[in-house]
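Have a look at the structure that comes next, please.
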Amino acid sequence: MGKVITLGEIMLRFSTNQGTRLPQSDKLNVHYGGGEANVAISLANYGHTVSFASKVPNNSLGEAVKKHLKRYGVGTETLLFGGNRLGTYYVESGIGQRAASVVYDRAHSSFSEMTFNEWSEEILFSEADIFHISGITPALSHQWRTLTLELMKAAKRKCCKISFDINYRGKLWTQKEAGSVLKMLLPYVDYCSAGYMDAIHLLEIAPRPEEELSYYYKKMQAHYPNIQVFYSTKRTVTSASDNELTGTLWMNETYYESKPQLICPVVDRVGGGDAFCGGVLHGLLTKENPQDIIEFATAASALKHTVEGDCNQFSEEEVNSFLAAGSGKIIR
Amino acid sequence: MGKVITLGEIMLRFSTNQGTRLPQSDKLNVHYGGGEANVAISLANYGHTVSFASKVPNNSLGEAVKKHLKRYGVGTETLLFGGNRLGTYYVESGIGQRAASVVYDRAHSSFSEMTFNEWSEEILFSEADIFHISGITPALSHQWRTLTLELMKAAKRKCCKISFDINYRGKLWTQKEAGSVLKMLLPYVDYCSAGYMDAIHLLEIAPRPEEELSYYYKKMQAHYPNIQVFYSTKRTVTSASDNELTGTLWMNETYYESKPQLICPVVDRVGGGDAFCGGVLHGLLTKENPQDIIEFATAASALKHTVEGDCNQFSEEEVNSFLAAGSGKIIR
Amino acid sequence: MGKVITLGEIMLRFSTNQGTRLPQSDKLNVHYGGGEANVAISLANYGHTVSFASKVPNNSLGEAVKKHLKRYGVGTETLLFGGNRLGTYYVESGIGQRAASVVYDRAHSSFSEMTFNEWSEEILFSEADIFHISGITPALSHQWRTLTLELMKAAKRKCCKISFDINYRGKLWTQKEAGSVLKMLLPYVDYCSAGYMDAIHLLEIAPRPEEELSYYYKKMQAHYPNIQVFYSTKRTVTSASDNELTGTLWMNETYYESKPQLICPVVDRVGGGDAFCGGVLHGLLTKENPQDIIEFATAASALKHTVEGDCNQFSEEEVNSFLAAGSGKIIR
Amino acid sequence: MGKVITLGEIMLRFSTNQGTRLPQSDKLNVHYGGGEANVAISLANYGHTVSFASKVPNNSLGEAVKKHLKRYGVGTETLLFGGNRLGTYYVESGIGQRAASVVYDRAHSSFSEMTFNEWSEEILFSEADIFHISGITPALSHQWRTLTLELMKAAKRKCCKISFDINYRGKLWTQKEAGSVLKMLLPYVDYCSAGYMDAIHLLEIAPRPEEELSYYYKKMQAHYPNIQVFYSTKRTVTSASDNELTGTLWMNETYYESKPQLICPVVDRVGGGDAFCGGVLHGLLTKENPQDIIEFATAASALKHTVEGDCNQFSEEEVNSFLAAGSGKIIR
Amino acid sequence: MGKVITLGEIMLRFSTNQGTRLPQSDKLNVHYGGGEANVAISLANYGHTVSFASKVPNNSLGEAVKKHLKRYGVGTETLLFGGNRLGTYYVESGIGQRAASVVYDRAHSSFSEMTFNEWSEEILFSEADIFHISGITPALSHQWRTLTLELMKAAKRKCCKISFDINYRGKLWTQKEAGSVLKMLLPYVDYCSAGYMDAIHLLEIAPRPEEELSYYYKKMQAHYPNIQVFYSTKRTVTSASDNELTGTLWMNETYYESKPQLICPVVDRVGGGDAFCGGVLHGLLTKENPQDIIEFATAASALKHTVEGDCNQFSEEEVNSFLAAGSGKIIR
Amino acid sequence: MGKVITLGEIMLRFSTNQGTRLPQSDKLNVHYGGGEANVAISLANYGHTVSFASKVPNNSLGEAVKKHLKRYGVGTETLLFGGNRLGTYYVESGIGQRAASVVYDRAHSSFSEMTFNEWSEEILFSEADIFHISGITPALSHQWRTLTLELMKAAKRKCCKISFDINYRGKLWTQKEAGSVLKMLLPYVDYCSAGYMDAIHLLEIAPRPEEELSYYYKKMQAHYPNIQVFYSTKRTVTSASDNELTGTLWMNETYYESKPQLICPVVDRVGGGDAFCGGVLHGLLTKENPQDIIEFATAASALKHTVEGDCNQFSEEEVNSFLAAGSGKIIR
């Protein structure tokens, strides 16, 4: 088992019941989550030692975030308290033909308004195997672009592997802005979650019609030979309730693909990608066979889609059981 | 944007949660709706000026009806208060293989027991573009047969277009009774929602094996050349949770058909037809292209099936987004 | 209409909402059920006179069991009060790709710790047509193996038909133990629910590749010519939410199979087999045509899957309506 | 233990959660009840053999009524199915300073529209000790005035004691109408629930300032010497949540009064009077000491106020425990 | 009936169930409210023509605000759409000894960031009788201090009465800041909600031990003779669930006080003061007798405390009934 | 801040909503708790380093227990997994005059069936300041009597203070059995929760009429001079919803009593005593003044009564705020 640090923003998510629109709702479901926190919980479920670094307000919402993380065994010694607010967002859950609809209210959060590194390097990266961070963080502010780079360098100095999820969000910055920041960050990255859209629009890989994902992985690796692993999912959306998911992995200069997982109905899609990412990192820490890694990660993501809330609720043993038994089957 | 009057009964609907039968339920969900009220709300959502004319008891249920309508911006200056009761009905929601099951308790309602026109013609039809009414109203009583005709004539005098939804209900009157009343009413109608079952059983069009809906539309128009537009939906029921819906329209002596909308799962089917009707009327008021009208109306109906409650909860912009993005897709 | 006695354990079932795991749940749904109690309720729904014999603790949980049975018209004059506890179990409801997961907590229950026949033969079997019992009961203890045999013999003396559902549970006893007890019990049985797994693993019928169920039924009848009827279901599990069910019946030395029932979504699978068994027994008591029996029983089971709770909530008329109308269709 | 027949209307009650008004409610709580049905359930809880005679529609609401009664062990062999509807009413639950508010919708119910005696005298009164009926029934229609008298006479012929709860409702008839019918009925009554308001306004007893209830009981008995027992409660309403209740009883020409029961908070007041009445009848059937009768009945009523729903949920043993332990105390 | 404009911020309130702390909650109740919006709804309930002026974001939360207001008949033609977010706050509902606890998250809201008058004077104040605004608005920003003064002057030009609720919030500005702004605004005010704390800390009235409220009202009026009416409530808090409320009014240079209203239990205290204010304004528009005004307003506030949500849910007739019947009593 | 080990059984509690009896409930609320676990959570809330030692089954219920403890920051490195079941109990919540009613189902639990010390002394008591245990544990089995003594001795060897809550349960053992075991255990105890009932019935202190608690504390200390601190609460039960609580403490040979805390309404009484005990231990670890200790502990207990669930949800700062502000008051 390894030691992992994840760092990023965690938010309060309000979501409607499926079948009810936001203005119809007189109750909203409360979840706490964010990509990096969700990855932390996945890895803690699998038995790794994990800490989550972030900043939340010093009020009962911050307290709720802390309890949420501790519940799943994620270390909160690097969770800072202070600043003005906890970012929130509202998800009108989709169902059938109707896609989910999201309203963000995340500006001015305690985390996004951080201006300098409030963590001690020693506490953050001491004996850590992996430092995981995403492209959302540098998208939050100019200070965070500087800070992200600084933190990556510090992690490198401590011999951490750097895991980076590009996670481009058009609502936070332009492709051009993102592209120029990525150029700065990617040379420090070891494991990278990136799809062909990232390749084309952010990393300026020339699109080629009918090309497979392996083409784009290869090209990206050519630009950043320091990145040993690329991964992402392919999702076919028949409806908001009916998706098919295939995991893909580029490792040892070879392309791997999981068997497709049919997900029907989708209970809660939020965090599905983070469960996949958590599965890949778990695989990199514990497994030898790339095919095993990608099957495990895709199964973990499929299971996440069957439960409410942002975070993976399954142990390594349960994911393996699911892989062995198959859809809807019980091993008695 | 137009001005529209809809008139009819509005009822209190009690429905079970899916997966629970009526005698198992110790809570029931409360909705207020009726075909004409639902059409009114659709049109108000799309930005038209709409009033709903009806009669409800002068108690807190009547008050609840009024608040329901106002919430969606429907004018209630023609909502009368008085009489004995609000009609109710109980829906045991269907799911999967099990169809919904309905118990009506609508007799003796304030609306059904109206015996003369309690509205001023001026208030009702002044500057109105469309007067929308359905075949349920004349089915309620002999007085309502007379009143319906009278109201249609008054609307015509004010140069309103008459929109009529045949909406035959075997529990309220026989096919023969309905047929003879329709003969009286249809000469005043401009837009008519009618299917091939109506054509055959109520309007005495000779059925022809393997004939398409266009045949029946054409025949009906031959009988009632005053009717410029016919429309209805074709629904394929795989199960209570899995339907396919295609909108059809006869306009400019041409038959139009929407692309089929797969609806899976069906959240709440009640009001699906009214959302379709509201979409057609919106199209007639604002669009030129018949194909656009029928696509819009069918999409509106499909979206309605994904939310609880009788009424369409979507704006014109949201219906258009859905048409553009496709099933379950998000336009970010 | 007949008179039927069913005897067995009834338990308290706690189940999660679909989409929520057990450790996430701060509320659990409460149901009372057990195979033989569920069969009793099915038969009471169809109009038969039914009593359920069991033992529950003399506290408010025992009281709740009694109220549950009485609610459906099942006689409770043979429901004993005493002993230490009501057996419970926890069902983490499955959905989509994720199978249900069950935690049993049934040891030391009032029923399982019974050591001698506390019922009077007169009260139990007087004028009864069928005595229904399952293989779970002798699996509970050595005393229950003796008691089961004793009760079967007593029922036989009173000219009851013996209905037996093998219902093998690997968590309660080994295949070898079960096999040796079944050898003792089956000579008294008239109607037997048994599948090909039972035939192979418990009754030592040699498996033959590609053989149909009819082969196994025939072989089992050869061993136990006293058994006039065999029945079981074939279930195809696409996912926890999407099953296909076919009923099979061996009667008059002929194999019958129902048309397949697609069940999607599955609302609650628990009790689906009991609803099937209740349908078969109802058919044996009232119908002549084996094909009608197996269609009715399979339809009853399919409907059960669409409601929450262990027990069939449908009358004979409703099952017949469903058979006539088909999936999701309403007979108006 | 005795055998008791109660006869009257049973209705579907919809009630809001406390703290929510009716037009705010998108869910309503469902209860089934009526004075005579509630008395029946109380007596069945105490171990008597009880049947409830009424008429409900032949639909799933009628089915729900039947299941409700059977659940508590009340015989339903005299529950008729037919007619048009189940009477309903809506209770906006009161809390604190805000009183409950009720909307009735009971006209045209299956029971109220009965026009002749559809029960066989044999089935109804055979071996019955008490026939319980209330003043609501003759208030429903002119036919019911005749029918009530007829049923009382028939019961008398079978040597039943007649228990009658005056239960005057100003929404159903005038004091004058009620008075003249009571004159007709009271000569057949043995046990009568009546308060001083009934004495003054319906039975024309001259009010005397500052007179105690015993004065009115004595006067009423002087008019109707056949009535052996009078009883009623005195309620002090500090708020909808804070009541004090004292039971009063006239028996053996002596006035008895229970110790006052403080009820705070009131969970559900509906059925509180019926629980009191059930307690008195139980006392008359099983107890010798009038003081014991009135203490038991008042305690039973106080307990009923602490649970949701119309019906008493307590056994004789539980009521006695409560009397022995006192408010809020646990006997361990 | 009058015409009233109220202007201010409206927020989304999340509140816990009583008995549950915020970090324990996985669902939160949703209400929309703000002092001026709540006053608007009260007045619309009483039959006045009311518009609410504010600014909300152009997303589904803004849409929900609009639907909330329309539901109660408040005009939304002056509700602007734009800006960045809807202010929110979290209420951990108090109960018994535990006081409520509030977390604000209102900075950067669409309304608070308005920088100039976006409304047309004509639309806002045309034919209006009263313009109601509170001290929260100028507390939001320096721009709003200017804007508030500007709006008051414009209203005055249109011959509106100015109603002002001081509503001092220490979290938004200091007493000194508030005092200097009030000096600027109060010369334009006609009706003013202010208590003795406001008099002492904001308006620099010298405190005098043991002085009654009438002393402070008199002094305040001496400073601002333009203010014709002062009012406020006195609240005795026994616990979060048990309050006593007395309304006070200074009018015609005389002090009036309502009878005290005991409120136990308190269902939801939020909006209690606004219901009082709405009652006073209604009184000023329709009643002659100051004692009637203050009794009505205090009763309206007491009733508000018995329902969930920010807004008064009672009509004038209901408030009068409550005054006539008294606590917990029903007028049948 | 100190380091504390608590050891005991933790159970799954099912509780009804207030106002609903157990057989009426189709949902039950789920809480995890036990005296020693609840004390652990209180102390962790106050900032101490706490571990809870127990044994739970290796299934999802055991997993839920672990997550519950971790959520509040209690160390679970001494939580063992194994054995057969998690003890459960059912609480029918009391309200008003109706007391709560409890059904235990705790026999055969993983913890109660432990037969030898499965913890390493090093892990348990290393550097611990206090070892807290209760009289329930030796009541569970003969093995546990031996084990309890053994653990106390081991803790003493490690220089832990021993905190012991007598917590006598008549359902688990007789007074005589308890008395003889206590004689064995108390010589090792430093802090002891014991009331006058314990003194009289278990420790054979001669009762003296009208004697105060200080008499009994003094006498008990005379028997066990090693015990430095005694404490308990006095509770006046007006009803299940209305209690008054006074904390008492014997320390430095002096009797201290808190001001009484009125608790109305009681939200959830379970764990109220544990919150008191947690408050006392916190005081012993951090405070000098005995009066401060007893005020803090009683306030902590009062607050616990206002929230659902077994465990104290308040920080030291919040308890102090409550003490400063008083009932229902907010410090703004």
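The letters A, B, C, D, E and F name the chains in turn, as written, and every chain counts its residues from 1.
In this section, a contact is a pair of C-beta atoms (placed from the backbone, for glycine too) under 8 Å apart; a residue touches a chain by one contact, two chains touch by 3 or more.
Which chain is which protein? Per UniProt: A, B, C, D, E, F = 2-dehydro-3-deoxygluconokinase.
Every value quoted in this text rests on a predicted model; they were computed, and no experiment measured them.
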Chains contacting each of chain D and chain E, listed by label: B, F
Same-residue or different-residue interface between chain B and chain C, half as cut-off: different
Contact-richer chain pair (by C-beta pairs counted) among B-E and A-B: A-B
For chain B paired with chain F, centre-to-centre distance based on mean C-alpha positions, whole Å: 63
Between chain F and chain D, distance of the C-alpha-averaged centres to the nearest whole Å: 46
Residues of chain D engaged with two or more neighbouring chains: 21, 23, 26, 67, 101, 265
Each pair of chains that touches, named by its two labels: A-B, A-C, A-E, A-F, B-C, B-D, B-E, C-D, C-F, D-E, D-F, E-F
Touch list for chain A against partner chain B, complex: 18-21, 23-24, 94-101, 170-171, 237-243, 265
Chain F partner contacts - residues on chain C that touch it in the complex: 14, 21-23, 25-31, 59-61, 63-64, 67, 84-86, 88, 90, 92, 101, 103, 105, 107-108
Residues of chain A that touch chain F when the two form their complex: 67-68, 70-73
Residues of chain E that touch chain D when the two form their complex: 261-268, 302-303, 305-309, 313, 322, 325, 327-330, 332
